[in-house]
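In what follows, structures are represented as structure tokens.
Two complexes are shown next, each including chain A; its partner changes from chain B in the first to chain C in the second.
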Partner chain A sequence: MLLKLIGGIFIITACGLFGIAASNKYRGRPRELRNLRSSLQMLETEIIYGATPLPNAFNNIADKSCKVWYDFFKLASINLNSGIYYSVKEAWDSAIEEKLKNTNLNKPDIELLGQFGNILGNSDCEDQLKHFKLFYKQLEQQEDAAVEDKKKNEKLYRSLGFLLGLAVFIILV
Partner chain B sequence: MNAGYINDLLKYVPSNLRGMLEKLPDNIKTHVEEIRLRIGRPFMIGGCGKEYFLGRNGLESVSSQMYIVTEEDIKSAVQLISNFSLYSVEDEIRNGYITVNGGHRIGLSGRVVIDNNKVRTIKDISFLNYRIAKQIIGAANKIAGYIIRSPDTVYNTLIISPPQCGKTTLLRDLIRQLSNGLKEYNFQGKKIGLIDERNEIAACSFGRPRNDVGIRTDVMDSCPKAEGIIMMIRSMSPEIIATDEIGRREDAEAILDAINAGVKVITTIHGNDLEDFLRKNSLEKLSKDLFERIIILSRKKGVGTIDKIYDKEANLIFSIDDKINNLQNKQISS
Partner chain C sequence: MDINLVFRIAGLGIIIAILNMVLIKSGREEVAMMTTLVGVVIICIMVVSLISKLFDSVKTMLMF
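Right after this comes the complex of A and B.
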């Protein structure tokens, strides 16, 4: 009996933790998108007012960004300086591939960011500014969706995990 | 001269073309003055009045083996030159060239977009010309003596030269020598304000000169000459103002201001001879007697030949044809 009880506790904790992990993804996404927005606002300033070349601009904003984006922009800057890549797009994509795959961002978020890499540095200030404005709009939609998802799913997954564990326990016993 | 200059530029050349340049024999590498990329045309370099074509294995004289530059090559070259950031070189593109580390200048041409009768940008860049800038220490040795008036002051000097005759090289070295001071003339170094609009003389990157322009030189880089001259006089108390390639009306006015403020001026202008300078309408304010020394350069005996030197009254005090070099000593003593 005692053995059963211990096993049951294990199952419930495991499922519970699983649920918490899933709900954390929903909790983290809006925060990361918000941080992305503030990093990009700094990038915009670097580009429009400072006319700083991208490798330096990425490096500068990395230092002022939160963890995920620090890693991402640092790597993007290193990539550009490495001389291996022939366009911003390639360097940008490789940084995405390496640093953003295991974050709370979902696929559409990453695709959106990927497209943005296409235009960075490719035109004059005026044009860059237009692209930034457009990107903020698109980012806003993602952010809204992320907040919505968080509301809907965060608690759901958390309790679902425990309940699932409990259900398995009951069936097994 | 050494091969280092071309190596400076290699990082701005796409890697497939870079490979071909690296295969060049050393004696050609040291003499390269231009690297030319034209879309759909053979890849070419030039130097010392000669042209060479390149192929997969370096130099190539068979036309079917020559490397033809593609659109991709040009695109990636532009990315490399602009450091992946076209917006950061907007103004430079408008002028038709980008200056990179080391003071090398890369000329661009393509389709020009006009906005309000002014060039807004160059789109579809299809022709590139990498011009290798060389700092030659000692280039001004021959003329320094003509420019120094007394151990304490110099003459207002104008250097007239056609393109590619070493005008900038000469000016750069002259600035270096006057700024450091010259023992043989007992000349003390002077504070020099250098307005480097095209960023060719000091070749600053991030505000720091890459070429040696002397220990008493302050550099205002990428600054329009007219504004720069006034700013310099107000803020940095220069004894000599140096600037390159004057041409606009505002430049002439600013130079006049500087001379009236008691600052000596050393500058350059495009042209073949004294008459070319006198004909320039935009510079009518600068009568030729403002300049106490006028130096004419040519390529008669290679790049940087000092052809003639005139004094204030337009008397010839040096001419390569007459070899009246001994006048130099007389000028200094007077």
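Right after this comes the complex of A and C.
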């Protein structure tokens, strides 16, 4: 009897933790997108007003960004400085590949960011500014969708995990 | 015939009712319906042996 109870507690905690892990994914995404937007605003300032070269600009904004984007922009800067990539796009993509796969961002977010890397450093200030404006708009849409998803799914997954654990426990006992 | 089974069915029923409510509230009516259906099937599996026993006893009582 005692053994059954201990096993049951294990099952319920395991399922509950799975649920919490799933709900954390939805909680982190809006925050990361918001942080990305503020980082990019800093990048915009660096490009438009400071006219800083991209490797230095990445390095500067990395220092002011939070964890995920710190890693990302640092690596992008290192990639650009290392000289093994032919274009900004390649360095940018390799940084995405390396640092953003294990974050809460989903595929469309990452694709959007990848497309943005295409444009970066390819034209004059005014054109860059236009692309930044467009990207903010797209990012805002993603952010709204992320907030919507969070509202819909965060609580659901949390309770779903525990309830399914409880159901499995009752079926097995 | 043990009372345990009755409690198990009751507990499962409560949990499936809560699951149903949570899923409907987050706008997944079709998933909610599927969970209810799965719950019914699981409970059917749990009681199917008892039902067959009941049939057997009815049969012997009526001497078929």
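Everything below uses one rule, namely that the second predicted complex is superposed on the first by the 173 of 173 C-alpha atoms of A that agree within 3 Å, B and C clash if a C-alpha of one lies under 4 Å from a C-alpha of the other, contacts with A are read in each partner's own complex, and residues count from 1 in each chain.
Please note the rule applied: a residue touches a chain if its C-beta (ideal position, glycine included) is under 8 Å from a C-beta of that chain, and two chains touch if they have at least 3 such contacts.
In this text, all values refer to a predicted model and were calculated from it rather than measured experimentally.
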item	value
Combined model on chain A where chain B meets chain C, clash or fit	fit
Which of chain B and chain C A:G83 touches, first, second, both or neither	first
Contacts of A:N35 with chain B and chain C, given as first, second, both or neither	neither
Chain B versus chain C as contact partner of A:N24, first or second or both or neither	neither
Touching partner for A:I171 - first (chain B), second (chain C), both, neither	second
Chain B versus chain C as contact partner of A:L163, first or second or both or neither	second
Residues of chain A touched, compared between chain B and chain C (which is higher)	B
Degrees between the directions from chain A toward chain B and toward chain C, using C-alpha centres, nearest 10	170
Contacts of A:Q138 with chain B and chain C, given as first, second, both or neither	neither
Which of chain B and chain C A:N106 touches, first, second, both or neither	neither
Which superposed partner A:K152 touches (first chain B, second chain C, both, neither)	second
Minimal inter-chain CA distance - chain C and chain B, angstrom	47
Chain B partner contacts - residues on chain A that touch it in the complex	47-48, 51-55, 57, 80, 83, 86-88, 91, 120-125, 127-128
Touching residues on chain B, where the partner in the complex is chain A	11, 14, 76, 79-80, 82-88, 90, 121
Contacting residues of chain C [partner chain A, same complex]	8, 11-12, 15-16, 18-19, 22-23, 26-27, 42
Interface residues, chain A side, partner chain C - complex	152-153, 155-156, 159-160, 163-164, 166-167, 170-171, 173
